[in-house]
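Alright, structures below, take your time with them.
After this come two complexes, each holding subunit A, first together with subunit B and then together with subunit C.
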Partner chain A sequence: MKRFMKTHEFHVLVVILILSAAITVVNPNFLTLENGFDLLKSYSFMGVLAIGILFVLISGGIDISFAATATVAEYVMAVVSIKLGGNMITSLLLATLVGLLLGAFNGFLISKFKIAPIITTIATMNFYYGILTVITGGKWIYALPEWFRAFADIRVFTLVSRAGTPYGLSVITLFWAVITVLAFFLLRYTILGRGIYAIGGDIGSAERVGFPVRRLQIFVYSFMGMMAGIAGVIQALLVQTVAPNSIVGKELDVIAAVVLGGASLSGGFGSVGGTLLGVFLIAVVKNGMTLVKIPAVWYDVFIGAVILISVGFTSWQGKKGYHQAVIDIEKEEAA
Partner chain B sequence: MKKIVLIIVIVLVLLPLHLFAGGQKDAADANKYEIVTVVKITGIPWFNRLEEGVDAAAKDLDVNAYQIGPSDADPAQQVKMVEDLISKGVDAICITPNDATALEPVFQKAREKGILILTHESPDQAGKDVDIELIDNVEFGRHTWDMLVKYMGDKGQYAIFVGGLTVPLHNLWADEGLKYAKEHYPGLELVTSRIPCGEDQELAKQKTLELLKTYPDLKGIIGFGSLGPPGAAQALKEKGLAGKVAVVGNVIPGHAAPYLKDGSMSHGVLWDPKDAGYSLTYVAKYLLDGGSLADLKEIPGIGAVVVDGDVIKVDAMADITKENVDSFGF
Partner chain C sequence: MKRKELRVLTIIMVLSFVFMTVLNPRDFLRAGNFQGMAFQLPELGVLSLAMMIVMLTGGINLSIIATADLAGIVAAMILTIPKFGGVQAPGWLVMVALLGAIAAALLVGLLNGVLIAYIGVAPILTTLGTMTLVNGITIVLTKGYVISGFPPAVRFIGNGMLLGIPFPLLLFGMLAVIMAIFLNRTPTGFNIYMYGSNDVATHFYGGNNAGIILRTYLVSGLLSGFAALIMISRFNSAKAGYGASYLLVTILAAVLGGVSSEGGFGRVSGLILSLVTLQIISSGLNLLRVSSFMTIAIWGFVMILVMVVNYYSDKRRERLLRTQG
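The block that comes next holds the complex of A and B.
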């Protein structure tokens, strides 16, 4: 417990709790199950992408192209579902496969040619998005199949609010939950997960110890691609419209959430729990601003301030730790 | 190594072809005016429709007219695009500004080079030659409030969505409408300052859910920006409030159709962006040919114009209801 209190995750949790308490004092509607479920549904998209980018960041890389990947996967999924039919499972598999291929291409370029990941993925972002715009001409898709529309309304269980409106845990949130649990086990209890931390910590040492560096790199970008594919489906379920430009531009929000959750941009650090908290923090701040009646002109100021304070505080804490030079093997392992 | 050689060979083969094609095109277009339309954001239905008008005018008027725009509604990217066009030396730039003030300096630069600047959706823009409005903006703002009142009654709480806090026209409509409402509908109560989510459906939906929790007595939403009303409608449907909270604003008919039909959206107001694309290109050509603003009486296929200073007004406002939504064709 004491060790937990020193972690970054704990600090983020404290910030979330303080903010939640403050928001609830102003507007009791914040701390309701209904608002919670609404947020879990809305932020499923960001949450799934965050898990993907977490793997990339831990491995010491970065991916800017995932929003473009998600868009391509979403578009292909929508066109095929409309033209050839199918069901939720085929849609999901198709989008995941498209994402996997585009992600694997990133991984191949980065591991084979050793081009800096940021350059590679900026290039592939433009490439993927550009090709999609050329082929589709920027056309939007409104007429998604009935079974697709209906799926978005499914709730795992339904409650009724005092005002008489039904609400509950959306099936969309389950995607996020399942992926989060899988990612947690993958990172923590498999050799694969250890390998990702290893190459992010020190790629040269990892190679000498015998980790298959190239294959691990291809894996993290492919995994990011798969997450982007699933996120694309989630986005289509949430908005019921497929637009070639609706996801592009959200990359930085997602990366900010993961960094808030303790992942390091230089690799080797980060956890699924922290990532979850990072997304929650962004969600609480954005949601809370409307609920406490802050005028919209202040939104960006608040988001920026929360990120600065949280990351700055952690960085300061980290520096202190460095000077103390505590060698804690168990903590290293848990990280 | 082999691959690199292959790539070099391919580039060498393609390069002369490309240069040749480019040269040929320039020769053919040398006598044509180059009139470029810069939109707020590329690839959304509204501006795709506007591009149809630009293309139609290019054909009708035999000019080299085309449309470009940033991938998201970013004022900085738009400024950069205008700078590129200035160095390219085009004849006229038609633009729907994302941020009126951000563009002033580049407009100044363009005019020093003799490039004509035409704006759309930005009547008070400084540094322009002419602005074209397909609607009377004061009337448009007021009409939107009239429609809100028609569906929610003249008492109660409501909120306003705009595309962005710096989008000139959305904020002008909001200003005009608010002034009008103060006089004519004193019972209306705006719950919070305008919220910038009109160009992102998911965000508009999320904001609507939050508004409903913050202001449980909310009776109406006005959405400027074509994705605001559908997002609001989606949230209302999800909460079983379709029809209980009025949603009015500007939308693409094809996009709004399902929401209008199931009652989650009440009423749409807009003009056809295709007419805007056509008018901009037409007036640019007209002025480049040496025509004077005072003599401009009509735009073929669009209608009669009223010239007010350096603003050209055409009355092309349209109401979209569940009855006529399928008749627009876009």
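The block that comes next holds the complex of A and C.
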């Protein structure tokens, strides 16, 4: 417990609790099950993408193209589902497959040609998004199949609010939950997970110890692609329209959430728990601003300030820790 | 950057020029087309310089566009103070407006620099935060409205001609020359390259790492401020969210021009070659009535292609060296 209190995750948790308390004081509607379930549903999209980018960040890479990948997967899924029919499982598989292919292409370029990940994924982002927009002409899709609409309304269980409106845990949240649990086990208990941390910590050492560096790199970008594919389906389920420009531009939000949750941009660090907390933090701040009735024009100012203050604080803590460690060594030498 | 890469870039530039000429000689070779290109390039060019200098240290500055928007809005708000009235604004007010814009841009640069150099936050995160914050401030300031109607002196910056040369192009040329001198002939410039190659080594030979980084982000902010002046002058208006699509293109221009994303390598001459190439491609495709999204896709494709070609040519050279040695 003492050790947990020193972790980054604990700090984020404290910030979330303080913010939640403050918001609840102003507007008690914040701390209701209804609002909670609602947030869990609407942030599934970001949550799934966050898990994907977590893997990439731990491996020491970065991906800017996942929003474009999610858009392509979403669009392909929608067009095929409308033209050829299908069901929830086929559309999910199709989107995941499209995401996997685009992600694997990133991984191939990065691992084979040793191009910096940020450059590669900026290039592929432009490429994927440009081609998609040219082919589709930027057209929106409104008429999704009936079974697709019906699925989005399924609730795992239903409660009734005092006002008489039903609410409950959406089936969409389950996607996020299942992926989170899987990711946790993958990172914590498998050799694959160890390998991802290893190449993020020190790629040269990992190679010498015998980790298959190239295959691991291709894996993390493919995994990110798959998550982007699933997130594309979630987005379509949430808003029931498919627009080529609705996701692109959100990539930096997601990366910010994961880094707020303690993942390091230089690789080797990061946890599924921290990532969840990072997404919760963003959700609480955004939802809180609405509930506290802060005018919408101020939203970006607040989000920017939260990002700067929290990353500044974390870096400051880290710097202090570093100096303490140096002093400790000197003490030991003196003794 | 090595000579060889400058040669590769020149070849790519000439090829894209020939390609566009062959596809559409009548429109592409018109004087008006070149004039259009000369007016469009400086805006992106100055922003690319702002991106390039931080990339030389191995950093990145996602806040350049937001900074430019803020600077432009500050200038626009001063210029349109109702008492003095936009188009009739007196000369001293124009000066105040320009200085206000530069000051706002430097302030964002200072915030980035302090957070990165002295607090130790990763550049991508810091500038992501300031990007969001500054974007927010521009929205708060303008409430999303356009501020427009500036005096002729301001409109001249982006639209005027001097000695038959577009004024923004002159401005960009001047800034590029100053940057080249700054990077190659001053101690700070030398230290920027050193830091980008190996920050630990710079630290141990006594370089003031924090000071170098702070100055880098200040210069980056300053350049964003200059870009702002060109931007608001060309549109004769300022608005939150102008130029948002430029952000990734500046990174693309820098990388295509041979600036290493890990830092330490890259020259202004390479950046200029890549900017001209990108401008030829986008103007040429535009004349062919190709969708602007296709241009984006082609830029992405060109970027990957250049990296792959570099990879194989490096490999070949390595093999040659090995067989010779």
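Following the convention adopted for this analysis, the second predicted complex is superposed on the first by the 325 of 335 C-alpha atoms of A that agree within 3 Å, B and C clash if a C-alpha of one lies under 4 Å from a C-alpha of the other, contacts with A are read in each partner's own complex, and residues count from 1 in each chain.
Assume contacts are C-beta pairs under 8 Å (C-beta built on N, C-alpha and C of every residue); 3 or more make two chains touch, one makes a residue touch a chain.
Only a predicted model underlies this, so the values are computations on that prediction, with no experimental measurement involved.
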| field | Clash or fit, subunit B versus subunit C on superposed subunit A | value | clash
| Is A:297 touching the first partner subunit B, the second partner subunit C, both, or neither of them? | both
| message | Per the contact definition in the header, classify A:139: touching subunit B only (first), subunit C only (second), both, or neither. | response | first
| field | First (subunit B), second (subunit C), both or neither touched by A:158 | value | neither
| request: Go through the superposed model and pick first if A:311 touches only subunit B, second if only subunit C, both, or neither. | output: second
| request: For A:119, select first, second, both or neither according to whether it touches subunit B, subunit C, the two together, or no partner. | output: second
| query | When the two structures are overlaid on chain A, which partner does A:129 contact: first (subunit B), second (subunit C), both, or neither? | reply | both
| task | Report for A:205: first if it touches subunit B alone, second if subunit C alone, otherwise both or neither. | result | neither
| field | First (subunit B), second (subunit C), both or neither touched by A:259 | value | second
| message | Tell me the contact category for A:166 with respect to subunit B and subunit C: first, second, both or neither. | response | first
| query | Both subunit B and subunit C touch subunit A; at which residues? | reply | 129, 133, 138, 297, 299
| said: Per the contact definition, I'd like the list of subunit A residues that touch subunit C in the complex. | reply: 62, 64, 109, 113-116, 118-120, 122-131, 133-134, 138, 252, 255-256, 259, 265-266, 297-305, 307-308, 311-312, 315-316, 318-319
| remark: In the complex, the residues of subunit B that touch subunit A are 41-45, 48, 71-72, 165, 192-196, 200-202, 205-207, 209-211, 213-214, 216, 230-231, 234, 238-241, 254-255, 257-258
| field | In the complex, subunit A residues that touch subunit B | value | 27, 29-30, 32, 34-35, 38, 42, 45, 129, 133, 137-140, 142, 153, 163-167, 235, 238-241, 243-246, 248-249, 286-287, 290-291, 293, 295-297, 299
| Residues of subunit C touching subunit A in the complex | 60, 62, 115, 119-122, 124-126, 128-137, 139-140, 143-144, 248, 251-252, 255, 261-262, 291, 293-301, 303-304, 307-308, 311
